[in-house]
């Protein structure tokens, strides 16, 4: 029994250094932010800030816009990353090998630089416009299209990596077994590959959602001025309008949204591991 | 009997240079042919070529009367059972079995009926709702077999289907497979590297080595008349000692055996352990009992002789006739002598003791 | 480190936190050595924060230091009027200034000082002007009305930046609104005047569709300058000092010209404040430094190096300099609406950006 | 002609996909590279009309920029080492020890990761003033740690889980104490996962700007801090030179880490147990 | 002989309620004792308790004269070899072997010498520089064995060390292990679920079932005198048919066997396949030859009788005496009858045919 107890104490002891760091550097400031969000300008407790963010039409628009961009971006990232992962998993062609070597690179490019390069590439007088002619060019920069594109650019490597590992985890004999009984490529995908990798997709969605919903640099430099992504709006309330409380309440709101998705992920993971146990 | 599967001049060379060369096999309807050979010899390559998962570099594959060499797997009238990860983990047993029928858009009632039939065949009635992870390894392989049978394949392909299971289960499933085969008159191509499995299950065995066929024959013949030193070594236990061949006979110590093939010079002499017998009479070989091992219904006795070590199998009831450390005399009732003739193949001389 | 005013040798070190474009940094790198030559007791440490990431966070530090009752390590802070307002919200971060400590305060226009509640020294100024590509713009507007007409006549060729991200854009917004009101309105801080903003915002909404990309407002002052440089637009409001510097360094094409219209855009001083850290010595040293910055000698550097306007009265400058700036010497207006400027941006965000 | 043949051989669809892939992911980067070497590139020229190294000399002579690169790498190295030090024990505990609230601790790393960082900086600054951490190296390191805690616990934890227990047990069996087992057996075997996590930590530290700015000014200016201001203040040619210079080290890092950074060792970290 | 390992009254109950109860085993110096039993019966639990990786709930473990029950694994004079994942993949063979010696701070020259010795013992001299991944499965297990031997353990523990290998390798390594054991006079506790392995390798076998010991005896005895129905079923092949016991004998059809134990009523009669013999005389059992399988040196014949199926082993030379589908007569030379006496244990009666 004492060995068990020792194990428990040791476990908690080992977690403490990083957990305390987390507590001090993140959890405590989070609590402070939550507190600020619950105080009005006079420093009294009140729901004013939340009332504001839920009644101000501008913020409602921003919330809708943020959800739109986040969901659409997640959608495209998933689709494209899934496509690339499938290609890398099942093709042994020359291009697949090359892409396999290249696809991680964007993950290593500092975010500011990527946005900068992106703007220069796609702006109305940018290189693409010069190559194909301005008239043939759809507006990309200062357009939600551009924002979604850069989100795709940023998130494809990470997502592809996750999905690829899930696909590589599907044994060949499962695929071949399915072909053997007569499944077409499409049926193979719908009935086997998809069901056997959707859990990893949930993981991917969680991280995509969290990353995109809180983003600042890309929407600030690429999106239209209104409606804004919540990250930009929060920054504006904080440093332009001097509305610290309102900006905190926006942060808390974004946190709750992300947490909801995070809990979904945790829940699906738990379900998964329970099934494995049985 | 009509030929159900024919592989003609199959070659498949991988980029590494390995692969199989010039493989020809015919399997008659209702026959079970086994591909046997050491790891890496190309068994799986041949099997997967038949299944359509490997594109042969050369050769023709026919199933029934049809040339399927260029047909995609999903269109081939074959079915495959793998060593493991056979079942689809996200589907219940029922769905695993019903899948191919659903693809064919069969009626629900028909599907249920067929699934029942298949489950009954593999003695797993009632497990429809289980997931593969809730089944033991042996049960999973049974379901995999059932799933393949539901395809009513013209040829059933099995790639070491039982090798991940433990000995007892392996025995059980082998027998079951044999029974089902007899019942359904299945044509099968079976891959294994386990010679005991091959001997016990096959109508004919194809022994492969390094991408080539060494011998095709019935189990008894493979065991008794191995076509090459390789086959002799690979199948069953075999003692090897040196002998000396002269026109008038092959000599091992005092023993002389007929030399019908007319081998000359030094030869490798193979003796099955059961062909080593205790003998009081002359001529005989003197040996010392070095080890006695009870292996169930028979006993393995290790003898030290001046030619080296000899293993002898005796009946468990005769265990009292040997005693550790004692000197005994043995004779060899049957030997096979091998000599290099060309590169790989060996001239073989079979001889019985002339008492 | 920080927080210790007096060094071991009795000298006092103060830190000045300044922000802006590269020309501002160059300015301090010239002026600080000039100051340090005049005396031995004070050492000035420059902390220059390139614009873009935020002088904002220097304010955060001041506030955080105050909240936690700590020495921020910041003695002189270069900021804007809104920082003074924010400071008041936080309970006062800066010292009151007076001629006793800084005799040269008398060099400053009285109204400019009171506008800052005597908390800050306007040490340099610049104004927003029109910057345009002379190759593309034939009929350069002279008045605001003509400008608005030009924008409508040349859809897509004009841009102003998001007013929440830079003064050039906010000046355009501000003047568009206040051009519809009496002159003195710019000095009113009472919120009731907000009711009169409506016509101005109607104008801005009306202009939106004729702007770059049907109403895109790039981020930051540099954002519109980039558009002008790459010929995506032909005319923008820009800070005079930024535009002049970039023309001089070829970052803007030589075809770029500047012009002030009538009524003029707003402009304004950059302010220096003395942060209240509760250390007397450093307060005095800071006052000494500010006093030097307000000398004619230091102010001439503003004019010569920064393409800026002086913080002190024009009449104190040399004849030559007075001559040079004659056409713009009263070429901008100052907005003294206090917190109303935030309200203006909020309303712009709501009514123009989000229309 | 040979070109057409080649395309035919290499399968047209694959080629098209590859083409789109390359344009989309590397077009913007290639554009930066061109800009960095262009002297004059007026609209609507498709390529620069004049090449020049002006901005390169400007950048390479600017001590502040060069030293910011060194500083960034120094900080990233230290941050990586420290987060290894504080997170590896937790990763090990998550993988190997059953203790109360294990899941709570594990998920707290995820959830705190979900709070927008920008919403935290003022509170953090208040805290740092109280602790005298403003404008200190320690302060920067701590700010950078915020971003790395999760990856640094999760990914190595999965790596530890993949070390087979019998491999640890055989080491104890031959006489190694639990600590020695960890040091000589478990840790080296989990190395690939740990390296992946370290690479990510290193990168995120190299990328961190806002927090660094808040805590590090005036004395500590890292390369992304400088980069932000350059984007705001310089024409695109100059910005491109900076971009190229600042991107190079991370690309080198990728090449160096290529052996380890692959889908396999990485993704395991996100399968929670 | 002196007792080297003694396990007394060992119990280990896991939280799930499973585990082992009241296990007592003694292993003499130089003896190889095998724990044999079906999956989940608790073999590994016992072995790991001896190795120190499981804390027993009750019981005492002694190695030599020392009570090691509460000693941590690294301090126990035992060494362990696992089924797989034995080696440390990040170390070369040399480092794998030298690790324990380095821990003991032995001299370099001494270490090299010992590693050489150990590699020689397992016939892998020269592979020092290889990594485990460059070795075959069998070679890896040999190195694992060498590593354990370098510890000079007072007891060597092996947990199914060969079960992941294929049949041929398994045979080879078993023999090698036996040889090394003889050379080094090792004391070993060996775990397997493969009865053939247990029979061939052990001095004594401990048969376990559901956490309890069913029988401890030498291989011959285990095979011939199984203490319980479970042991009879588990070890070797065995036919089971129903018999009827009366005071004057046990009757199966026309055959009557002595009933020395005085069983009464229905009994389970077990007959080894090699104890089924063709017989022309009377009394005999009529049977039909249903299947003939060549299994190398012997032939398995499946007979259908009115009591059910009977397997018979005959010598390969006698294969001509049976013919598929023919009616033959057989007799049973030796039977064992089992009857429930208490809960689990079965009264056993052994009887030879009285001709």
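A, B, C, D and E are the chain letters, set down in written order, and residue numbers restart from 1 in every chain.
The rule is short, and it goes like this: contacts are C-beta pairs under 8 Å (C-beta built on N, C-alpha and C of every residue); 3 or more make two chains touch, one makes a residue touch a chain.
All values derive from a computational prediction rather than experimental measurement.
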Minimum number of chain-to-chain contact steps, subunit A to subunit E: 2
Any chain in contact with subunit A as well as subunit C: D
Pair of chains with maximal C-beta contact number: A-D
Rigid-body rotation angle, subunit E and subunit B, from Cα fit (steps of 5°): 180
Farthest chain relative to subunit B (centres taken as mean CA coordinates): C
Gap in Å, rounded to a whole number, between the CA centres of subunit D and subunit C: 37
Whole-Å separation of chain centres (CA-atom averages), subunit A against subunit B: 54
Chain centre separation (subunit C, subunit E; CA means) in Å: 90
Between subunit C and subunit B, distance of the C-alpha-averaged centres to the nearest whole Å: 90
Subunit C residues counted as touching two or more neighbouring chains: 54, 230-231
Junction residues of subunit A - those touching two or more other chains: 125
For subunit B, residues contacting two or more additional chains: none
Category of the chain touch graph - line, ring, star, complete, other: other
Chains grouped in pairs wherever the two touch, ordered by label: A-B, A-C, A-D, B-E, C-D, D-E
Complex contacts: residues of subunit B adjacent to subunit E: 39, 163, 166-167, 178, 193-196, 199-200, 219-220, 223, 235-237, 272-274, 291, 293-298, 300, 313, 315-316, 319
Subunit A - residues contacting subunit C, complex: 41, 57-58, 61, 123-125, 139, 142-143, 220-221, 224-227, 236, 239-242
Complex contact set, residues of subunit D against subunit C: 42-43, 121-122, 125-130, 132, 134-135, 209-210, 213-214, 217-218, 225-226, 228-236
Subunit B - residues contacting subunit A, complex: 51-53, 72-76, 78-80, 82-90, 99-100, 103-104, 133-134, 144, 147-148, 151
Residue ranges of subunit C in contact with subunit D within the complex: 2, 15, 17, 21-22, 45, 47-54, 57-58, 60-61, 63-65, 67-68, 70, 72-73, 220, 222, 226, 229-231, 246, 251
